[in-house]
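So, here's a batch of structures to check.
In the two complexes below, chain A is the common chain; its partner is chain B in one and chain C in the other.
Take a look at the complex of A and B:
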């Protein structure tokens, strides 16, 4: 390719950005080690609380710009819960709102160059999805007792044998949901960031031709911004849909 | 003195806001609509694959437990696949009922 660039070797490591490394030296990662993942999740929590607490501090009748961000976000999630799960769902608003904000901000902070994308790890999204799974199941059993198991019993099937087969399928499909929820969030984030890195690697060796990868990076970055918001929204709406299943287990 | 002049103006302003709002909700941007549809498609694909993977995992685990290597693996891969299809169908139902991410899209018939 372009001869004027001396270190002209293709050196693309798109997955290196996802490495979890200790912040203060050392190579081993124990459960108590402060890593870049810890740092960026902490920053996520910090920025969420900053925006929400400091933003709504004014409590003005006519909101300032800072205040209208929490208000609009609140209204958005509130409407989502009321539309899907009804009034009973509002009891769980704090949890869902926290979940949405955490994922949204983790996704958005990951777009800062040289940052660490915590939601691109299956460990993180898996725990988030498992928490949703466990709490939704617990809510279902607490509200309906053993009647919650009726979710798996398709009483419209003609024979008992068929119902048992369908019950197994329904049971497995119930477990599919947290898995697909977590795979989707992490997969989307990871794929997008890896693509960015690959294009950036091309830009390094193309000399003046680097204009093209840079334009590509710019557009992919715009797309990633959209993905970051949509995936947070999708994760949240799925949580509400599952919550609705637990509150109203009838098919 | 039947009407306060201000309440009349306020009412007109409210009407204008209302009509402006009604006009805005009807048309989401076409780009976003397309994106939501593709995200919906991805959701269904992930559900299908997740079902398969889960079936594979369950089958593999039970097989190592009972020492019947290929039998339960095959059975549960099939069960997982069907479960994945089931989740997909349920997703489609949610979209049709207007309870999912595709809910804000204009209906194709209208």
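Take a look at the complex of A and C:
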């Protein structure tokens, strides 16, 4: 995997782009080391904050083009929460909005050539999904106490034996949630970026025929733009669905 | 010829795992196709159901991503 670059041969190392390396020389990575992951996650936070601050500065009655970006995003997430989780869900709007913008911008910044895609690491998405899991479970128990366990007890099932079987299935699917949520995001991103690198490897050896891989890269790039937005949307909407389960447990 | 039996097993396994991605593709196509069929019958109700569409696609797609993950693990981690 970590082979050297050889001139004139097929150099396909699709996984090399995901290496976490320190920014200022050296090879060891400690918890305090500034790496490219730190840099690009910082840039994500910075760009989201800048866009929101610059957009909400004017507060004009008729929004300018800059102001309408936060307004449209706000309305989008607000509608999503109110449709799925109802009015009570709006209490958790800031968290969901932050989650959506962070993932969206991390996905989009990763599409800049030679950048580092932070959301294609299972560690990053795993922490995001685990935070959702822990907070949703805490909200469920805080709101309903032990009644939250009614989420696993399908009382509309005809027999007790069936209810026990369903409870086991529901319990397993509940604990698989953070796993599937994080792997979906990271896997989608990683697969797309690896495909780009594989095509780039083809372009290196084909000479004038490199036109074909370059056209392919361009179209895959368009697909990746779509995937970046859809995956941010999917992660957010699943968070809202889980939140709805915590707010209104039972079947 | 170089390499060992276990290496051959890795490559074969990774290739077989790719079948899962294709099958997940069928699943995603099923979701989207059925949505379109329903939406063309009753376009007025289609707009509200796009969220459900994306949730369905996400669940179907997740399993394809799992098989991709298995392929990656076989190639780079085992």
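Everything that follows uses one rule, which is that the second predicted complex is superposed on the first by the 238 of 251 C-alpha atoms of A that agree within 3 Å, B and C clash if a C-alpha of one lies under 4 Å from a C-alpha of the other, contacts with A are read in each partner's own complex, and residues count from 1 in each chain.
By definition in this document, a contact is a pair of C-beta atoms (placed from the backbone, for glycine too) under 8 Å apart; a residue touches a chain by one contact, two chains touch by 3 or more.
Fair warning: this is a prediction, and the values are worked out from it, not measured in the lab.
Judged by the touch definition given at the top, the superposed model places A:183 against both chain B and chain C. Judged by the touch definition given at the top, the superposed model places A:15 against chain C, while chain B stays out of reach. After overlaying the two complexes on the shared chain, residue contacts for A:191 are found with chain C alone; chain B is out of touch.
When the shared chain is aligned, chain B and chain C each come close enough to touch A:233. Touched residues of chain A, counted separately for chain B and chain C, are more numerous for B.
Contacts of A:84 after superposition on the shared chain: both chain B and chain C are touched. Contact with both chain B and chain C is seen for A:241 once the two complexes are overlaid on the shared chain. Annotation: chain A residues 83-84, 180, 183-184, 187-188, 230, 233-234, 237, 241 touch chain B in one complex and chain C in the other.
Chain C contributes residues 48, 51, 54-55, 57-58, 61-62, 65-66, 68-69, 72, 76 to its touches with chain A in the complex. Across the complex, chain C is touched by residues 1, 15, 80, 83-84, 180, 183-184, 187-188, 190-191, 230, 233-234, 237-238, 241 of chain A.
Against chain B, the residues of chain A that register as touching in their complex are 83-84, 168-170, 172-173, 175-177, 179-180, 183-184, 187-188, 226, 230, 233-234, 237, 241, 244. Residues 35-36, 39, 42-43, 46-47, 49-51, 53-55, 58, 76, 79-80, 82-84, 86-87, 90, 94, 99-101, 103 of chain B are the ones that touch chain A when the two sit in their complex.
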